[in-house]
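Next come two complexes, and both contain chain A; in the first it sits with chain B, in the second with chain C.
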Partner chain A sequence: MRVELENIHKHYGSVRANDGVDLSVQGGEIHGILGENGAGKSTLMKVLSGYIRKTAGTITVDGRQVEFRSPGKASECGIGMLYQDPLDFLNLSVLDNFMLGQVSGLKNEREYYRRKLLPLSTHFNFNLDPNSPVSRLTIGERQQLEILRLLSIGIKVLILDEPTTGISEIQKQTLFAALKQLAREGKSVLLISHKLEDTQVLCNRVTVLRRGKVTGHMEAPFDTRQLLDQMFDQLPTPPSRLKASPGDTILSMSDVVSTGGRTGLQKCNILVRKGEVVGLAGLEGSGQGVFLRVASGMSRPKSGIVEVDGRSMIGKSHREFKDAGVTFVPTSRLEEGLVPGLDITEHFALNARKTRFFVRWSNALSAAKEKIEMFRISGRPRSPVQSLSGGNQQRLLLSFLPEAPRLLLLENPTRGLDVESAHWVWRHLQTYTARNTSIVFSSAELDEIVMVADRILVFFDGKIVKDVRAEDTDSRELGRAIAGEI
Partner chain B sequence: MNEFQVSILFAAVVAGAAPIILATLGETITERAGLINLSLDGSILLSAMAAFVTAYLTHSVAVGFIIGALVGALVAVLVAVFSIYLSQSQVAVGFVLTLMARDLAYFIGNPYSRLQGPQVMPLPIPLLADIPFFGPVFFNHNWPVYLSLVCIGILTWYMYRTPMGLALRAVGEHPKAVFARGMDPKKLQLFYAVCGGLLVGLAGATFSLSTKPGWGRPQGAEGTGWIALALVIFGGWHPVKAAIGAYLFSFLQVMGIYLQGWLPSIPTQVFQVAPFPLMIFTLLLISLAQKEAFLARVEKMPWIRPFIQMLSGTPPSALGKPHEAE
Partner chain C sequence: MTMAQITSPGPAQLLKFVREFGLTLTVVVLFTTLVLLIAGAPPLDAYFYILKGSLGSWVKISHVLKTWVPLTLCGAGLLYTFRIGLWNIGIEGQVMMGAVFATLTLRLGLNSQWPMWFLGLSFAAAALGGGLWALIAGFLKTKGGVNEIFAGLGMNFVAQGLILWLIFGPWKRPGVASMSGTEIFPQSLWLPYISSLRLSPAAIALAVTAVLITAVMLRYSRIGLCLKAIGGNSQACVLYGLTPTHFMLLAMMFAGGFAGIAGCLQVSGVYHRLLPAISSNYGYLALLVVMLSNYNVWVVPFVAFFFACLNVGSIQLPMMLQLDSSLAGVIQGALVLATLAVSAWRGRRAKIFEAQTQEAVAK
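Right, the complex of A and B next:
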């Protein structure tokens, strides 16, 4: 199957998310879509999947011009998409999610679809329990489920929007193997990614977007330097680890046990010192999230002692943690961090330090303008947050950080950011550590952790199985710990 | 109390619960699809009036029921269209419609007040009605009561056993994801608002043609809509649990009548009002059952766990937030 996009435009008011994009994909091809945050990658792919309507341009499938009014129409033509923010049903079971959209009518076809799901799942080495609720799955497993569902409805062109953010290394390998297998079977894959290494090992061709326009097409093997040139105005410079001289203890936990997440947290003992950068490694959902939520007062542990600056925080509210200088930035942007429907200025009004009876709109507006400038968010003070590109939502979240927190708890702070932005964020965060702020962050990228952390904690199954200084270890050793092989 | 009296008591509970169940199931469907139809109290009255008047004029109970159902559906369509297609607040539209529908019902129905009209005939089910105890309790009623019983089963089967029911539950959870799967969330929500409205209309018709036959001001159905709205929450958006709630409420009402006779010294108002605070108390329990701290505390009391589990239920995630195209 051959899909061609010609001169695609998508305008939101005066914003030209896509501004005349051309792209073609053949059967059996894995085609990478690259570009910085806000370049228009997701928009282009959503146009192709029928999720949004284009302003202008033509789409042809096997030489026949098509018009996708809804995702249903696109999937009839064999085009399906895995969205950047997962569009699945957390409260329903794996099997229900798999069936939804494939079945209609009154006949109970559970057993038929159960029998369909299992072999498909083993075919790609996925391991999904049909009866488990999707809320119990990791991001990677939710993706696997979506991919199987799309294949089951007969998708021949599979679009994946940043599938490698937030999944474990093993899941990534499984995913890549599956994608290669699909390509061998003659299907096409369109892959949006920020990671050049991923495109390098997987793609036959790439298209680079910048500010809604195509800035380059390239065949494998790719010249990384040239790709970066096409993606960014200025080349990214990686941050280097700061030599911290850790001071007194800021956070201490002893024998903390907590529920939540998939694994909970078991007997956690840890000290974090002032000015230290601590990276939390481990498979997604191995307890890092629970740890950060307990440390920030978002959830209360079942037992154990949590102290901030020597003061016991047991039974204290999130607000009191905040007042003690603890700041938490969660990973799920639109679920916990931002309020969909409100615009950027309204978010700054919500975050204003002192709650007054009247909102000071002028202050909020100037704060919004200043932060948009400073964090280079591509959006306007009045843009509703859900209209920002994924990476820009992340930047916005970071721009809410207070001036001088004592302890910053960040859950996957650079998830979804392009290389240049990720580096920029770390250089920005390092200005905090210079002021003696401690940072504890989780990340699915081992490289990132090794690059910036002074100390690394590895989580496995709700336990901290390794606690080392960054200079005393390497990726291989950490990788084994992450997999639970100590 | 001997066995005879107990069966009469329960028969009265089952009969009295019929319209409440129909309305509660109707609202359960609507809310499962992500829409709140707050106009329930008004639209029950309006359809009760419409059903009685048309039945009176045509001498046909069947026509009354059909018209009643259609009126309920019509009000639901208004709520749905205003919120889904015109992006108006569901709560505001529903609330205004409650008041309008009620006043309209009293206004149009006024000339027909206190008239002797047709009503649904009893229809004991042969053989089954003769079973001791269960016979009189479940099988010696009229068909709207049987309908209420059958609806509980059908709706449960529909929601949890059929692909269409799966889509119904899905659209209230995440309309965007439903859209991405090639379905039209707006049409689905409109459809289920209509289905829910039909049941609410039937509830109204059941009041004026069976439970409290006739029309007047007050008719006797007043307040039921609000109770039905509360029962949907009580039932955790599950038809069987919602029906249990309806029976509980009906039981409290019937007991009120009995107790009035036994305890004449207590003012009758107490018994009329008592079911309402009792319902609020159960709602409180339900929200407690959602709290982790509370759950942790009762963990040591295993006998309470099944009870808590039965009470817990989470609202459809997208309740009240209609789908907006991007």
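Right, the complex of A and C next:
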């Protein structure tokens, strides 16, 4: 199947998310879509999958012009998109989710679909139990389920938007193998990614977008240098580890036990010192999230002692943690961090001093303008946050950080950011550590942790299995600890 | 688009609203025309009588305004609860409790030397009564996890029962207890009114004030911003140091307070006694008014006026056209259905093309 996009425009008022994009994909091709945050990648793919309607341009499938008014129409033509958070029905089982949208509901076809699901699953080396509820699956497994569902409804062009965020290294390898397998079978894959290494191993061709326009097409093997030139105005310079001289203890946990997530947190004993940058490594959901939530008062531990600056914080609310100088930035932006429906200015108003009866809208507006400029957010003071691109939502969250926090707890702070932004964010965060703020952050990227952390904690199954200084270890040793091989 | 997502009206949004209102109106007219045709009434005549029956004379207009006042007050109150994402169905009972508390206060003032004091006090008492009643539903929701719709409905039944018990029990007229309510209060305890129209300017002033206060609160106060934020994403609001349940209770109290004042006006400004049907379904009707206004405070008074006209104008319709008297109810029902149909359609459309709906704002 051959899909061609010609002169695609998608305008939001005066914002040109896509501004005359051309793209073509052949059967058997894995096509990468690259570009900085807000370049228009997701928009283009949503247009192709019928999720949003284009302003202008033509889409042809096998030479026939098509018009997608809904995702359903696109999937009838064989085009399907895997969203970053697949909207599964959490209470239903894997099999039920697989059957959704396929069954007529007239007769009981469970056995038929079970027999369809199992071989498909093994074909791609996925490991899905048809009976387990979807709520118990990891993000990677939910992704696998959604891919199988899309394939079984006859998808020939599969679109993936940053599919490797939040999944483990093993799941990533499985995913890549599956995508290659699909390409061998003549299907096409469109892949949005911020990782050049991933594109390098996977893609036959890439298209680079910048500010809604195509800045380059390239065939494999890719010249990384040239790709970066096409993606960014300035080339990113990586941050380097600062030499920290840790001071007194700011956060201490002793024998903390907590539930939550897949694994909970078991018997956690830890000290974090002032000015220290601590990286939390481990497979997604091995306890890092619970740790950060307990440390910020977002959830209460079952037992154990949490102290901030020597003061016991047991039973205290997040607000009291905040008052003690603890700031938490969660990873799921639109679920936990931002309020959909409110614009950027309203978020700054929400962050402003809480004692006044009336909102100082002019102050909020100037704060919004200042931070938009400073954090280079592509959006306007009046843009609703859900209209920002993923990376720009992350920048906005980071722009809320107070002037002088004592302890920053960041969950995957650079997830979804392009390389240049990720480096920029770290250089910005390092200005905090220079002022003696401690940072504790989790990340799925071992490289990132090794690059900036002074000290690394490895989580496995809800426990901290390794606690080392960054200069005393290397990626191989850490990788083994992450897999639980101590 | 969820309720909390409505921002202050810009030109583009106003245009959108006008378009949608026009659509609802068309659906309503088509639907009622159909109903009238089925009932064997000439539709054009019917519309003429509705117009004449509501705006045909000053007395009629004053009737319309008497309906408009409680609708607008309740509408203003409901804006707070809708903002935070609560369905305050209990508003009907909150009107009733306002009426009960007002009656109680006025009864205490029966032989007083300063009736005006008790009249004034009755408003405070009514706001308190409505507010407390709403607070109970709020606590059931925040502490007990009871859905506010069920809690509200239950509280409505209780309030209605309480009124009946009062009318037939402790507050019954000397000698006879009847559905026509308690003894009429002496004129000294009536809200001052323009005698030719039997309309009290204070009531109108209160409704206008309620709209203004609500507009200012929602647009400029921190409370208004917090209600909207919590309505949008209560989980994220914890991160901003807010406690969602506190604001839910606060919103309920605002709604209950305004509803209570509406109830008080029904007692001291319209009926001068407590009736079983003292709330006249104005609370339920106000829910529709607010939905049809697209949760926009500036639109609420106009839509409330429209509903008030229909309400008053259709009373005489059956008589004029020699039709069954249930027709007025049928027309109101048609109105309700049309409103719901359009808002459901709007919701569905918004969901499918969520991204598109943001375009206007992004400019």
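Keep this in mind: the second predicted complex is superposed on the first by the 475 of 486 C-alpha atoms of A that agree within 3 Å, B and C clash if a C-alpha of one lies under 4 Å from a C-alpha of the other, contacts with A are read in each partner's own complex, and residues count from 1 in each chain.
To be clear about the criterion, a contact is a pair of C-beta atoms (placed from the backbone, for glycine too) under 8 Å apart; a residue touches a chain by one contact, two chains touch by 3 or more.
All figures in this text were calculated on a predicted structure; none of them were measured in a lab.
Once chain A of one complex is fitted onto chain A of the other, the partner contacts of A:276 are absent, as it touches neither chain B nor chain C. In the overlay built on the shared chain, the residue A:52 is in contact with chain B and with chain C.
Touched residues of chain A were counted for both chain B and chain C, and C has more of them. Residue contacts after overlaying the shared chain place A:100 against chain B, while chain C stays out of touching range. When the two structures are aligned on the shared chain, A:411 is found in touch with neither chain B nor chain C. By the touch criterion defined above, A:75 reaches chain B but does not reach chain C.
Chain A uses residues 46, 51-52, 70 to touch chain B in one structure and chain C in the other. Residues of chain C that touch chain A in their complex: 2, 4-5, 7, 220-226, 228-229, 231-233, 235-243, 352-356, 358-363. Touching chain C in their complex are the following residues of chain A: 12-15, 46, 51-53, 70, 298, 317-319, 322, 328, 330, 334-343, 346, 349-351, 354, 356-359, 361, 380, 382-384, 386-387. Listed in rising order, the residues of chain B touching chain A in the complex are 158, 161-164, 166-167, 169-170, 173-174, 176-184, 292-293, 296, 314, 317, 326.
Taken together, the chain A residues at the contact with chain B in this complex read 46, 49, 51-52, 70-73, 75-76, 81, 83, 87-92, 96, 99-101, 103-109, 259, 299-300, 302.
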